Amino acid sequence: MSKYLQAELIRLKKRFYEYCALVEEDVRNAVRSVYENDKELAMQVIEKDNDIDRLEIEIEEECLKLLALYQPVAIDLRFIISMLKINSDLERIGDLAVNIAERSVRIIELDQKNPVFDFTLMCERSLLMVKNSIDALIELDEKKAEAVMEADEEIDELHKNVFKKVGDALKDKPNSFEILSQYLTISRALERIGDHATNIAEDVVYMINGTIVRHQG
Amino acid sequence: MNNEPSNENKIRLETIDLSVFYGQNPGVKNVSLQIFDKQVTAFIGPSGCGKTTFLRALNRMHDLTRGARVTGKALIDGTDIYDPKIDPVTIRRKIGMVFQKPTPFPTMSIYDNVVAGLKLVGIKNKSLLDEVCERSLRQSALWEEVKDRLKTPGGSLSGGQQQRLSIARALAVEPEVLLMDEPTSSLDPQSTNRIEELIGELKHQVTIIIVTHNMQQASRVSDNTAFFYIGNLIEFNKTTKIFTNPDQKRTEEYITGQFG
Amino acid sequence: MTGNNLTNKKISLSPSALYGWLGDRIFAYGIFILGFIVIFTTIAMAVSLYFSGTEAISKFGFFGFMTGRVWDAAISMEFGTWPFIVGTLVTSLAALALSFLPAVAIAIFTAEYAPKWLGYIIENLVNLIAAVPSVVIGIWGIFIFTPWVRDSVYMPVYLWSLENAPTLTPILGNPAGYGMLTATIILTIMIIPFTTALACDSFRMVPKEQREAASALGATKWEVIRMAVIPYSRGGILAGAMLSLGRAIGETMAVAMLIGNKNTLPFTIFGPGSTMASVIVNEFREAVENIHLASLMAVGFYLFLISLVVNLVAAWIQRKYAITGGRAV
Amino acid sequence: MISLRRRYIRDNIMLSLIILNTIVILIPLFIIIVYVIAKGFDALSIDLFTKELGSPTRAMMGEPTGLVHTMLGTIVVDLIAVLIAIPFGVGAGVMLSEYPDHWANPVLRVLNDTLNGMPAVLKGLLAFTLVVKPMGTFSGLSGGVALAFVMFPIIARATESALMNIPWSIREAGLAIGLPRWRVILSTIIPAAKVGLVTGFLIAFARAAGEAAPLVFTSFGNNYLPIKWTGWFTGPVDTLPQRLYNLAISPYEHWHDMGWAAAIVLLAVIIASFIIARFVIRDKK
Amino acid sequence: MSKYLQAELIRLKKRFYEYCALVEEDVRNAVRSVYENDKELAMQVIEKDNDIDRLEIEIEEECLKLLALYQPVAIDLRFIISMLKINSDLERIGDLAVNIAERSVRIIELDQKNPVFDFTLMCERSLLMVKNSIDALIELDEKKAEAVMEADEEIDELHKNVFKKVGDALKDKPNSFEILSQYLTISRALERIGDHATNIAEDVVYMINGTIVRHQG
Amino acid sequence: MNNEPSNENKIRLETIDLSVFYGQNPGVKNVSLQIFDKQVTAFIGPSGCGKTTFLRALNRMHDLTRGARVTGKALIDGTDIYDPKIDPVTIRRKIGMVFQKPTPFPTMSIYDNVVAGLKLVGIKNKSLLDEVCERSLRQSALWEEVKDRLKTPGGSLSGGQQQRLSIARALAVEPEVLLMDEPTSSLDPQSTNRIEELIGELKHQVTIIIVTHNMQQASRVSDNTAFFYIGNLIEFNKTTKIFTNPDQKRTEEYITGQFG
């Protein structure tokens, strides 16, 4: 029995890693589109979302199939369950990347070339979190996963700052809410991406040693 | 493995309204189904539901059973195997069978066991027999374990090896279809494992039908699953479908263990 | 088979008809013929005995011959088989009664108590004794047992009764050594190994699980035997006893050598008598008159009937007490 | 409630009784064999195997006498019996186990068992009726037939149970690879049951070889070697068990001694076949 | 085997429904605290979040236990998987309720008694969606689940309007961003609650008939 | 059912460095474990790993096996059952056993089967026997099916019923511990189901140890699981733990089917 399941798991894993890479790239592109005012890149991210949605469903069905057909236990079960959960986190990350891309398009339409304020750091941090959480998953590296969980606080802090900055900016230009709200949304999206990366990291920890670390921080 | 859509494949075996009676009592009633080429089809269902009965009808094994009578049609590649003009011996060469308990011929060496189906009907060509022996043992994943002792008796192997030997012997006559009646139910988990892996490999070459009591086994090894209940075919569907979302309520109840 | 690089040759398989339906038919008919000959042999036995004996049976009547008390081949040419039926039944039933418990007890010891090596020795010894031909036992009986039993048992008893209980003397009869009692003892000796061997087989058929189940309930060794072993094998033991009885009934040579061969109803245990089998061997060669020969054949026919009944009862017991192990699951 | 101690006491009483019984019965039984062997050993001589018996007077005149004609006769009669009994016995056994669907099967089983249970003396009578009467003379052939009647029910039953010991699925497996039935039976089932079959033959032989009763009125007995070799088949023939009987009931003291010698030879033959059946073949398996 | 699993499933179901009720009440209380300026109520919601977190983990562990010990298939498997997923949606809904409550506290602190604009409708709608999705789950009512999915669009629309309203309000009072951003967050939370309710509804549909309806709208 | 923490329960049975030798070969080696009161403990492991051997050591069944020798201690409620002063008969009344194959005494009626253990010790009181018979049959969930035919032979029941009868018979003597050696391996799934349910009900009254080849069964019915491998106890833990997150690598490999 093992061999069948193992073969299927390996196949699924491979597929899943491709999916991870896709999502990671999506986030990177979305963020880049904001910086580089690259409408085309943004449109590309938006279009690719369909693929991600499709992949998500396929992977979910695959997981369910494995659960139904092979009745896995212990590490195999934990692996599939984690995959199921990480899958939906990744899909949400994909959605959030689309959000960012949409805002990016809007910003370009409003013809506001330079970001009102700098959130390079936030972008970098959240990208890193996504990357690290996925690496932790692939390498089954508990340390990396823990690093992701710790990084989340910083992003939350950064996001709070954005609110302040927006408030300040509005005091100068009360009419600029539309453009500012775009940035607000992007910041919010990045913060959520960080949250989802954290979730992934938590699931990785669960997969590795079977303990649920959620809601402990 | 359960991914190829069944309907792409060619139909190899088909039954039309096949019933088997033991005296007056029907063992299975009016079963019509199609077995697809180069796929694994599993028969599941509670004890006494007629799985074995139906399986045995597919290679005329009921000819040997006292009081058993078969009605309806069973076509292999379009020819009715119950046609009176057909010699059952010919049919059984096309449709091999593996039984619940390993059945090596007790006095024969491993080699003779494998080539029994050829040697005993008069094929004497040594090099041909050697070739067939090696091929069949390789197919049944036994070659490496026995190649140095082909002359030792088949009975000296372990249970799991004997079952693989039975499979090799069945394969030696190049059947197009392989029927397996609970082939692992008398084996330990390890040997079961080997046989299941083997089924996965063989199905690229032969069409396989397997009766099993073990639903997990059906779910693991088969592409399509037929669920029998009190002599009736209740549902025939892709295995994935059966185990995640069967069409029939009774199938669902059975596989979730609510009866049977 | 695709994907195989070893060979692509499709083996040509058109075996001749001999390897198909024709060969099967020829073989089956051959076997059936042999089987039917066996069937006919048994039937022929009954039929030929009956017809060879017709002359006697029709002369004295079916029941008349059976219950006739006179067997006189010398003068009156009157024949009745009752003395031999009584002789047969008395000796064989007595032998069965005497042998049953000791034989089963030996079997219990062999199968249950004895260490493996000892059980093995005893079992083979018993089988060996069972294989000793009846004439060999007979010669031992004639030359060793009879003189001994006459001198050290019958005579003292006889002398004692002459002195102390003269009324008993006629019942005891003449302590010549040859007689019903001697024959019975020899029969007992002969069927003990037979019963023991069958009982041993029955005990060995009791599954280990039955013994362990009783043990697990907290039974002692003897309780295990009483509760699990004996009930489980009682069918085999009883059927074995019936088969032993059948043996005793048909036992010929040793009995003929020891029973004293007197063609009248036996009155006493020491006294001589005859059994159906013994009378046949004893008189067959001297039978010159047709009616005498026919009568012997008729005795054979009645022996056949009794034997048949005993065998059928054995089969019935076996069936009735067979442990089916419950319905299939 | 019975106390555990009382239960153990009961246990020990039963065990003592059983052991006592076993010793008391088995030792005398064993002594019979020992006695026969001891007695017969004294009477053994070379002449026994080289000379004829002749009339009682021959020995009284001091001529050497023996039982060579008896030994040869036994071989002839038993051989005839074996040659007749094996095909019929095995055939019937194969029919019983391999063609259970045949309507005549239950009949065969019952009648075969009945025949097996019948006294051997009746088998002699049957052979007398079937062979002696038509031939008009006692003969070795009729003796062989009579002994065959003793043997083949045993062989049939032994064959059946030996074949039945081979799981039914082996036959189905044979058919499933496209073998015809006769091939399956001859090449897989019978070889597999070989040990059981041979054991059955030997046991049947041992049974028949000791039978005297059926021979009394078939092979009849003879004090001389036959004049022509056909005499072995068409004339009266001497056999060990029957000669033993005749010697024992004869009134001559010196014949009694020869009887002991015959007994030990007969016993040796039977024990030998018994031992072969029990040990040699079993170990080979 | 069935009986064991069935008993466990019934036990789990009961526990789960309690948990659903808890979350639903939380959302209701959070929204009420905004309207009624009830700081205590808001604080209560925030405190209760620990319970919800604990329950979520318990239920998840229970589901994993059932998967590992009883190897369910078909409806039983779908039920447990749906429960796993609905479980995390409910937990998110609980978090969002806390978000709302926190904003409510802040609003009270800022002493802005009356909502700057009316989003009674939005509150009602999202509350209804949560209620309906939970009802659909309990009653295994596919219709109700579908209704939930349809309702989601309305909420999204309403949320977009809030942005506009905030923009307009800011033009009048550029300094009011802090208070407005509270409402913005609340609106955003309500919209997300609607999304999660939709997810639940989708899982209910999957549980009932085994088809994945996500990403089809 | 797997929820009560094991360590709250009292220890009923305990082995300390228990080994069983067959001749010179150890069947199990130095096993120390605790069996908790009123819980179900499952023994799992590949074929030949010593599960049965260990189980049988717990009620001195090896006394009946030629050449078997036990070393170490096995304590029931603190008394060593291998103490020479202790009588095995007494021990076996305290520790009942159910075997792989149903073992009704075939010639006894159902009634006599159930009360066999009481009749052994000379209890003749009819009303007491009746009472015990009914109670035991109810406990083993057989009463309803057989109450109208208590006088028919035990052998006339179906396999699953016979197994429940064997359980009733074991329960009639009110053992404190019930050992079961693959009690369902010869049964069909339906009967297996019944027996498993029964175990779930019985464990409120008796301490149960069950050997099983079927890991799913262990996971379904037991509170604690012991994993054996080549005569060694590898892991002993709560069943939930074993099947979601075992401590030992080898346990994980075994239960995920990577060997054995």
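We call the chains A, B, C, D, E and F, going by the order they appear; numbering starts again at 1 in every chain.
Heads up, the rule we're going with is that contacts are C-beta pairs under 8 Å (C-beta built on N, C-alpha and C of every residue); 3 or more make two chains touch, one makes a residue touch a chain.
Because the structure is a prediction, the values reported are computed rather than measured.
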For chain C and chain F, chains touching each: B, D
Fewest touching-chain hops separating chain D from chain E: 2
Chain pair, most C-beta pairs within the contact cut-off: C-D
Centroid spacing, where centroids are CA-atom means, of chain A and chain E in whole angstrom: 21
Mean-CA-position distance for chain D and chain C (Å): 15
Whole-Å separation of chain centres (CA-atom averages), chain C against chain E: 90
Chain B: positions in contact with at least two other chains: 47, 89-90, 93, 121, 173, 193, 216, 219, 243-244, 257, 259
Chain D, residues touching no fewer than two other chains: 7, 178-180, 183
Chain A: positions in contact with at least two other chains: 1-2, 5, 64, 68, 71, 73-74, 77-78
All touching chain pairs, where touch follows the definition stated at the start: A-B, A-E, A-F, B-C, B-D, B-E, B-F, C-D, C-F, D-F, E-F
Chain B residues touching chain A - in the complex, by the definition given at the top: 1-2, 192-193, 196-197, 200, 216-217, 219-221, 239-240, 243-244
Chain B - residues contacting chain D, complex: 59, 61, 64, 66, 89-90, 92-93, 96-97, 99-101, 103, 105-108, 116-117, 120-121, 166, 169-170, 172-173
Chain F residues within the chain B interface of the complex: 46-47, 188-190, 193, 213, 216, 257, 259-260
Chain F to chain D touching residues, read off their complex: 87, 89-90, 121-123
Complex contacts: residues of chain E adjacent to chain B: 1-2, 5-6, 71-78, 209-211
